[in-house]
Structure formats: C-alpha cells, structure tokens
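Two complexes, one shared chain (subunit A), two partners (subunit B, subunit C).
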Partner chain A sequence: MIMISFAPLKQPYDRRFLSAGDHGIVINMDDLPTDHATKAARALAHAIRKIIADDNIKGIEDMIPGLTNLLVQYNPLVTSAASLIEEITPLLATLTNDEGAGRLIHIPCCYGGEFGPDLLEVATTLNMSTDEVVKRHQSNILDVAIMGFLPGLAYMKGVDEALYLPRRKTPRAHVPALSLGIAMDQTVVYPLPSPGGWNLIGRVPIPLFDAQKSDPILLRAGDRVSFYHIDNNEYNKIASDYRSGHFKVEINP
Partner chain B sequence: MNSGLITFRRAGSYSSIQDLGRAGHQAVGVPESGALNKYALRLGNQLVGNPEYAAGIEICMGGVGVEISATRRVALTGTQETSLVIADRYGHQVEITANRSITVRAGLTIMIPTLRDTNTAYLCISGGIGTPLLYRSRSTSPNAMIGGWQGRLLADGDQIPLLEDINLSGVSERMVFNANDYAAKHDYRVVLGPQDDRFTDAAIDTFLTSEYRISPLLNRMGMRLEGEMLTHKDNADIASDGIVTGSIQVPGDGLPIILLADHQTTGGYTKIATVIQADLPCLASCKPGQSISFSAVSVEQAEQLAHNYEDKFQQMLKQMVAPPPVVDIASLYQLGDTTGDM
Partner chain C sequence: MALNIINPGLSTSIQDLGRPGYFHLGIPIGGAMDRFSMRVANMLVGNSEDAAGLEAVFMGPEIEFTSDTAIAVTGADIPVMIDGVEAPSWTALAVSKGQKLSFGFLKTGARIYIAVAGGITTPEALGSRSTYPIGALGGIEGRNIAAGDALPTGSAGAVTIGASVPSTMHRMPATPAILRMVKGLYWHRLTEASGQQFLADEWKVAPEADRMGYRFRGGKTLEFVDREQPFGAGSDPSNIVDGCYSYGSIQVPGGTEPIVLHRDAVSGGGYFTLGAIISADMDYIGQLQPHTPVKFEAVSMDEALSARQERHKLLDAIRSELS
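== the complex of A and B ==
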C-alpha cells in the first residue's frame, strides 16, 4: 500500500475544534495547506470509523469530510461534544494517511457540441483550439477531493493549469444531468439536473448515482479519475449498453 | 408485504413521505433528509402502534384528502388545533382531534384541512408507508430526487403502498393530552459557530439582537430570512465543508438562511451559528412572514436542553391513554344502531 504523507498537524492549535451546534463538532485542519488538510480530514474519518467498529466511541451519526475540516455529526442524547473531543484528540497525534493511491476510474465523456455548450467559449477565452482544450482536459488524472452537494457529486481536482477559468458570471438556471463542468483547478459532473455556474464542456453517458444499484454512488473521495473522449455515436451506445447492463465502468484498484 | 394502498385525492402543495432520515451517507453527497419535526412523527407512530422510525406523510399547510384501501389506525400530529375530518361517501363527517389515533374503515376519506397553528403536520398510518428503502430510509429528498415516492413530492392521484399492519387487532387506540408544544415561537436558541470568527463583532451583535422575518422562499432545504444584513470581516466564501440541520449560513448578501432537513451536504458559505436540536421542532411550525430572533447558548447548555426535551417527550408517552370513543360515522345512518361502538 502506498503511503501518502502530509504535514503533521500543529499541536496545539486553538481553532482545532469548532462547534456546529449540539449536533456537530468540526475538527479544523486549516493550519495545513488545503490538499494536505483534505487528506488529513479523510484520514481522521478513517481513524474514527475504526474506533466506532471497535465500539470505543458512541453517538456518531455521520461524518462529512470537507476540504479543510471534518464534520462529525452526533446525537446529543448519546454523547457530548466534550466526550467526543476527548476521544478524538488522541487520534490526531498519530494521524497517517494509509488509504493508498485510490482507485483509478476511467469515465467516458463526449466533449463539445450540444453536450458541451461552453467548449467554444472556453477555447476562445484561453486562446487555444477546442481540440486542445479536450486534449488537456484528458491529460491529467484528477483526484476526487470531496463529495457533496448532491448524491454522487464529486469535486475532482488537478485540472491542467492551462485550463484554469473562473465560474461563469451568470449561473445557468438549468444544467442537464451528467454535464461536465470545469472551473479553476476542478471538474464536476452534475449527477442531476440543477442550476449551476460551471463551464460546461461535455457530458458523460453513465450515471454517477444509480438508485438501482446496491452501491448507488460511483465515485468516492480519494478516487482518481481519468476522462476519455467519445463521439456522439459511442455516447448513445454506452448509454444504452449501461441501461441494459452491458457496460462496465473500468475501475483499476 | 403490500397489504393496502393510500390514494391521494388531494395531495396538497408540499406533501412528502418522511421518516427519521438517512444519516450516514452525507460523505457521498446523500442528504440526511427526514421529517422537519421528528418529534411529531415519532409521536404519530407511537399513537398508531408503529415503530418510531416508520414512514408517514409530512404535510405542509394542509389541504390534503386521502383514502385507504384497508382498515387502519391513523393519527394527525404536529398540530394542536387542526382536526382530521373523516367522511363517508354519503357526505357524513366526523372531526377527530389531533394527537390521538382512530381506526378508519377501508374506503372512508381522511381529510386534513388548512393547518392554522403550524406549517407542518404528520399523518401516520398503522403499518407505515411501504415505498422502497434507499439506504434504509424512505424519506423523500425532492431536490436530490431520491427516496419516498419516485423521489418527488406527492401529487393528486398517487397510490402509495402501505406495509402490512401486524398490530391492528392487538394495539388499542391511543391519545396524549399534552402533546409537546411545537407552536412556532419567537426566540430560537443557537450555538455560535463554526465560522462565527468570519463576522465582525457588530454583525454578531446584530444577529443576536435584531428581528428577522421568514421569507416566502421557504422549503425543506432552507428558510431564508429578511432583515438586517450581517457583515463579513472579508468575504462569505469558505473551503467547502459539511453542514448539519439547523446551520445558519450567511452568503455574500449578508442575509441568513437556516438550513433544514433537506439541506445540501456541503456548502461554501460561512455559517454563523446553529439552531439547537430542542428548537428544531418549533422551527418546523414557522410560516412565511413570521418574525423570529436568536439568542446564544453554550454547547453544554444546548446538550442539556436536548436531554430535557427528550425527557419531556418520554414523559408524555408514559401518559398515553385510551381515548374516549368516537361515534362510528357508518352507524349514523344505519337503522337502529346509534351506539357508536367502534
């Protein structure tokens, strides 16, 4: 297993534990650079899951890793913020990220045309051809930093620097499901139709959230994602093959 | 096992199937969802003999009419003043007060009129709603389009499966005299944080001393407030992080939004404070246009208040009694039978 190291947490740090009412505590890691904090938050969630499994901590209802912190949601009838802080503090001293390099997931994407209405504008703004934008978007393997907002929505970081753009000035009221958008160093694929301000350059033919499956969510934080270009015909074929159960997403452990 | 259907003759404008939610999967973006007033849902389930986690119908504003294809016990909770109206096909009606269960024969119509004293009430049916489970919950999250009935709010004509009622003959009707008071109140207690340090001292002071009005933009995701703007020290953006129900988010326009049961799992705006657990049930009763204010308590005080609230609920359940009999409406027009035996 590959160890990914991150700078150790400063001890002590007076903004380590923040309050989210009588329902949550936030373990703040913004004393680390953001990408390290993201991994540290995930590592802490992992360490807490272990002590939950050993029955050494009670009352935790959920954990949500953020970019620079971990939110631990608890039931105040079963535990308290004070007990949780006492139980979690020792874990911070020995925090290691042993999640490895993450799964590598290959996701097809049809760039441009009606599926990527902003591709031309993005290319013009960046002063490159649309082919160049598409090539560069596929060139980097992206890291799923956090999941959130909607079921299955992954914030994927590590987009080629030449493609850095802000979000659109005016968000769209309606972004079709499975649209792929870029902004800054990130890529998202909208799992559902929703409003959105990202620059839409393509669309993927397979759902990121599929309630029919026993594990409905395709991606998880820590995964790596590689996009590959498909044309319209391939898009339609993959979409239909997926529905009939004949398309399998390529996942390398 | 499917052993009955509930048919929505009138679904109302914002009704949905809810249980106690699906916490545990927010790390992959699945909202917790669940009843806005979990205590009222738990009470409704207790009254009809269901486990507290069974799914019921969350009703906002009222105006709902349903028919059940099998004889079931039902109860309306979350309100003190609104009564159920049970009608037969001849137009005979009886009113059944809230916070008690009543056995309703197959084919009768159950109506929930306009809710006067609250914005949110629950109709629980013995056996419980039998829609498919997603992550062990039936709660509807309309924005994420998951759970409940086809991932959406209920619509006129919907026919929803009920689970088998294994207790119908074994459990008697029940009522409580002093259902917890969920009436909308004026002052809501909060714990400051997690990003209160991103606001000016004046903004914190404004937040805790001024009046806010609930905007018409109120749904299961959040309650927008109108009033004094809150000033950030620098800006409203944070590195995206997790949200709990009751979080009060303040985006760049300086106006607070209280995030409710269907809140998105993560967000990128500063959160000034969180409404305490013991005040969430009353919050579900608030209607647009009402004014509210906030006062700060410590985490320890909030945790104690959560215990007190639960203790009061358990006390109330201990005092659950058999209700006085109701005249069976069928008997009202049956010759020679006016004894009202249910």
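== the complex of A and C ==
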C-alpha cells in the first residue's frame, strides 16, 4: 500500500456537489491540485464502497472516478441526490489515504521497431538514445490515475520527467490495438484499434480488455504498473501463451 | 427456432436493456436507445422486458422465420409487412415457418424495435446481449447483424396473438421535440444571458447522431464567464480538466454544438457539460431523425423524478392492459 497525503478539501465549498441529471451526482474536487484531486476521488470511492458493504448507503449503481471528480450514478427510485449528499458529506471530512488498491502489475512491452514507430523520433527530439528512452520508461512505477474513454483504457501517470513530450501534432487515424503511447507525464495502452495522438513507443502482447473473460479489464484505477522490456520472440511467445491460457500476468497485492 | 437475416437494413443491432455497472471501466451501459419501445415489444410477445430484440435505424431488416412463432414491432412508425401484406405494429403477430418480415418506408421516428417470442439468445457479455461494436461486446461477435446471420431464439412463453397497445399509450417525441434537462455540472460557467439563450433557441438534430451521442446545431454559440483556465484544461473555455460524463449529459465542444451523450457514450473527457437530459426523455432522443427541431427545457429535480414516475405508470398501465 502506498500512502499519499493530499491537501485538505475546502470546507464548505459551494461547488462540491454538482448535479448530473436525475440519476447522477458529481463530487467535484477541483479545489485541490489535480494530482491530489485524482487520489482524493479514488479514496472517496473506496470510502463509499466501505459504507455500501456495511449497508449504510443504498441505491448506488456505479462510481466513476475522474481526474478531479467522482461521478456517482444512482437509482432515483431507491435514493435521492439530497440523501446521497447527506451520506457522503461526513466522508469528505475524514478522507484517509487508503484507496484500497495498490496492486502492482508487471506488464511486458516490446519497444521500438514496427511496434514503436515513434521511438526514434521521440529519442531524437529528447536528444537521447532509443535505449535511454526505453530504460527511462521502465524506470518508474506508474500509477493508474483513471480508467475510461474506451473499455480498459488506463491513464497511467508518473512517467520519468526526462520523457515529457506533448501529443503528436497530427493524430493518427488508426492506432493498432495494444500500442503503448506516451505524452507528458502519462502512458496509455490502446485497448482497441482507435484513432490517437500519443507518441507510440512500443506494444504489449497481452490484451488489457478481453471481452471473452468474465472479468474483462486487467487494470483498475489506483493500480500501479511496471513495464518490462521484451524482444520480438518473447512478444510472440507471450501472445500465443496468453491465447492458449498459459501466460499469467504477474500481479502483486 | 432462428431468425434468418436476409437483409440487415441500414444498421440493425441486437439490444436488451444494457449492462449497467461497468462504466467505471470505460464500458457504457448500452442497450436499446428507446427502452420504452423495447420493453413494450417484449411484453407483447410474452417475454421478460429485458429480453434481447432487434433495434433497426431508419430502415427495417428483412427476416425469414425458421418455425412458427410470434413477433411484435414497436418504436418508429413504419409499415410492417408479413410476406408482403401489411400487418399492424404495436401488436402481437403470429408468423409461420418460412414467412418473411419486411418493412416499408419510415414515416416518423428513427428506431424500430422487433421482439420475438422467447427473445434472441446470442451469448451474453457482462450480463447483457446488447451490441457494443466499439468494444466488440455482445451481439453477434460484437457486431451489428449481417445478411446470412441466423439469430437463435429462446423458448416462447404464453402469447395472446392480436393483443395490441393503443396509440394513446405509445410514447414518441412531439414536434418540435421538447427535451427536458436538469441544469448542473458546469452550467455556472455560462453567462446568464447565454444560458437563457441556450434554452430559448430552436436546435436541429445534426446528421452526426448515433448510439454514442446526438449532436444538435442551429443555436447561438455559448458565452462563458471569465475564469483563469486551470492547468491541464487547454485554452478553450469549453474545456475542463478531464472529468467523468454521466449518460444523458450535454457537452458542448467549442461552445457551439451541444451533444447529448447516449447509451454507448464514452465515460469521460475534457469538455464542459452544462446539464443532463432527464431519464424519462432519453428514449425520445432515440426516435429523433436528423433535422428534427428540438428545444431544451430546464426542469427541477422534482419534475424530473415525477416524469420518471409517469413513465413507470404508463408501463404499468400497458402491463395491465396486456395481462
């Protein structure tokens, strides 16, 4: 478990609870720096899950953490925005750093070549060797800030500062599934083929979204991710082992 | 028993009432755009209301039945034909082995719902048969139906052939369509005059309207109150630090064309949202054709909840009518 402290929330704050229609409320935390707000939103989701487990709150259907807020979707036939606000408000005063996550997941990646068409350009722009880019990308354990936009797309933060680059000026119309892209302090792996503007430096051999599985999404907000380098042969072997059910992703609690 | 697809129509997909509970992983709720019509079609053929049926957009499919069964067609107003002979919609119809269902030209509305006794029984993905092509989930291998598909169906319950739902109990949008919304989220970012203008303007459904979202154009560009743009939000005042979207929420990229996020919407992004369409009116959006005039009407939370209750009561009334 990593312990992160975040700045205290403003109390009171008139933009804390925003309406998201008749079946959702947003708990807005934009009074905190974004990094803190992301963690506070996840911590709040965890605190709410605990009181759901104790049966002290009813009617919540889903909770979606964003970078600076938490969307709570509820069944208006069971509860109301007013009751939820009343039930959630005390949790805000006692938010702890406990996110209830903290799994460490090791994901293989084949950098460069046809899988990482932007690696050379990234290295040239940053004035370092491609080996240095690959080494630095593996050096930091990344933090899954939020999930979303596409099934299984994880926004992983905490990339080595020496690799900070904006997104590409012209997005690609087609990015192959499982491409690994970097931009600013973040890394994404495209779960599905999609248009995209991130700098593609590698590809992973295992799906982050597997519709065939009962639990189809590998990563969760709050997980930590460590990438390790594999070559083309290892890539092909892991991909085929995964398909035949013989590759197990290393997950540490 | 199966449905043999001879011609799929323009865009026809298997849908039920969707897969709630996975939005935090980026998987949308999905399901029928007009859930009311899907539920009623199922009721007519004796199915549970969450059974899977077909949702066809603008054009009906052509389907052959491999055994005797019952079907019902609801939703958009379109001539229903059995072996070329017109048959009533919103009615339980008996069809025989080898007969073909086809459709005439769409009159009003946008989405046609076809239920078959026993429901379509393609494999479930995450608790639902709804097709989500972007994620290759549900449907037939994650895609819309195609010519040559044979859709399996389950065992039928009791059906009263000829039972029908009178037109006074249908639920279709008016012209112009009034879409009720609850202000919220980032409404406070608009100037007061611009907020009033948004509600006063008549908008038109843009051609870019699908299961992910409906876009509207024709109203005035929004004006925002001055603020210091937060880090990470980009320079355009319609941008925010990436946040989560609730389905039904109204985002306005660039402040020009509102988009209502619908059943297959993404779960978040960097555009400000000024409110959300009330649940009771989401079905109406699924029945809007491009160029239909639309007005947004702000209502209170209490009004939103009573609209939801009214929709429930209407469904209850139809259940008793048919029982």
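By definition in this document, the second predicted complex is superposed on the first by the 247 of 253 C-alpha atoms of A that agree within 3 Å, B and C clash if a C-alpha of one lies under 4 Å from a C-alpha of the other, contacts with A are read in each partner's own complex, and residues count from 1 in each chain.
Just so it is clear, a contact is a pair of C-beta atoms (placed from the backbone, for glycine too) under 8 Å apart; a residue touches a chain by one contact, two chains touch by 3 or more.
Every value quoted in this text rests on a predicted model; they were computed, and no experiment measured them.
Annotation: superposed three-chain arrangement on subunit A; subunit B versus subunit C shows a clash. By the touch criterion stated above, A:A43 is placed in contact with neither subunit B nor subunit C. Within the superposed three-chain model, A:L163 lies out of touch with both subunit B and subunit C [touch as defined at top].
Comparing the two complexes, residues 15, 18-24, 26, 30, 34, 61-71, 73, 76-77, 80-81, 146-153, 192, 209, 211, 216-217, 220-221 of subunit A contact subunit B in one case and subunit C in the other.
Residues 15, 18-24, 26, 28, 30, 34, 37, 45, 61-71, 73, 76-77, 80-82, 146-153, 155, 191-192, 209, 211, 216-217, 220-221 of subunit A are the ones touching subunit B in the complex.
Of all the residues in subunit B, the ones that touch subunit A in their complex are 23-32, 134, 143-146, 151, 190-195, 197, 239-247, 264-267, 271, 273-277, 299-300, 302-303, 305-307, 310. For subunit A in complex with subunit C, the touching residues are 15, 18-24, 26, 30, 34, 61-71, 73, 76-77, 80-81, 146-153, 192, 209, 211, 216-217, 220-221.
Within the complex, the subunit C residues that touch subunit A are 20-27, 125-126, 134-137, 142, 181-186, 188, 230-232, 241-246, 248-249, 266-269, 273, 275-279, 301, 304-305, 308.
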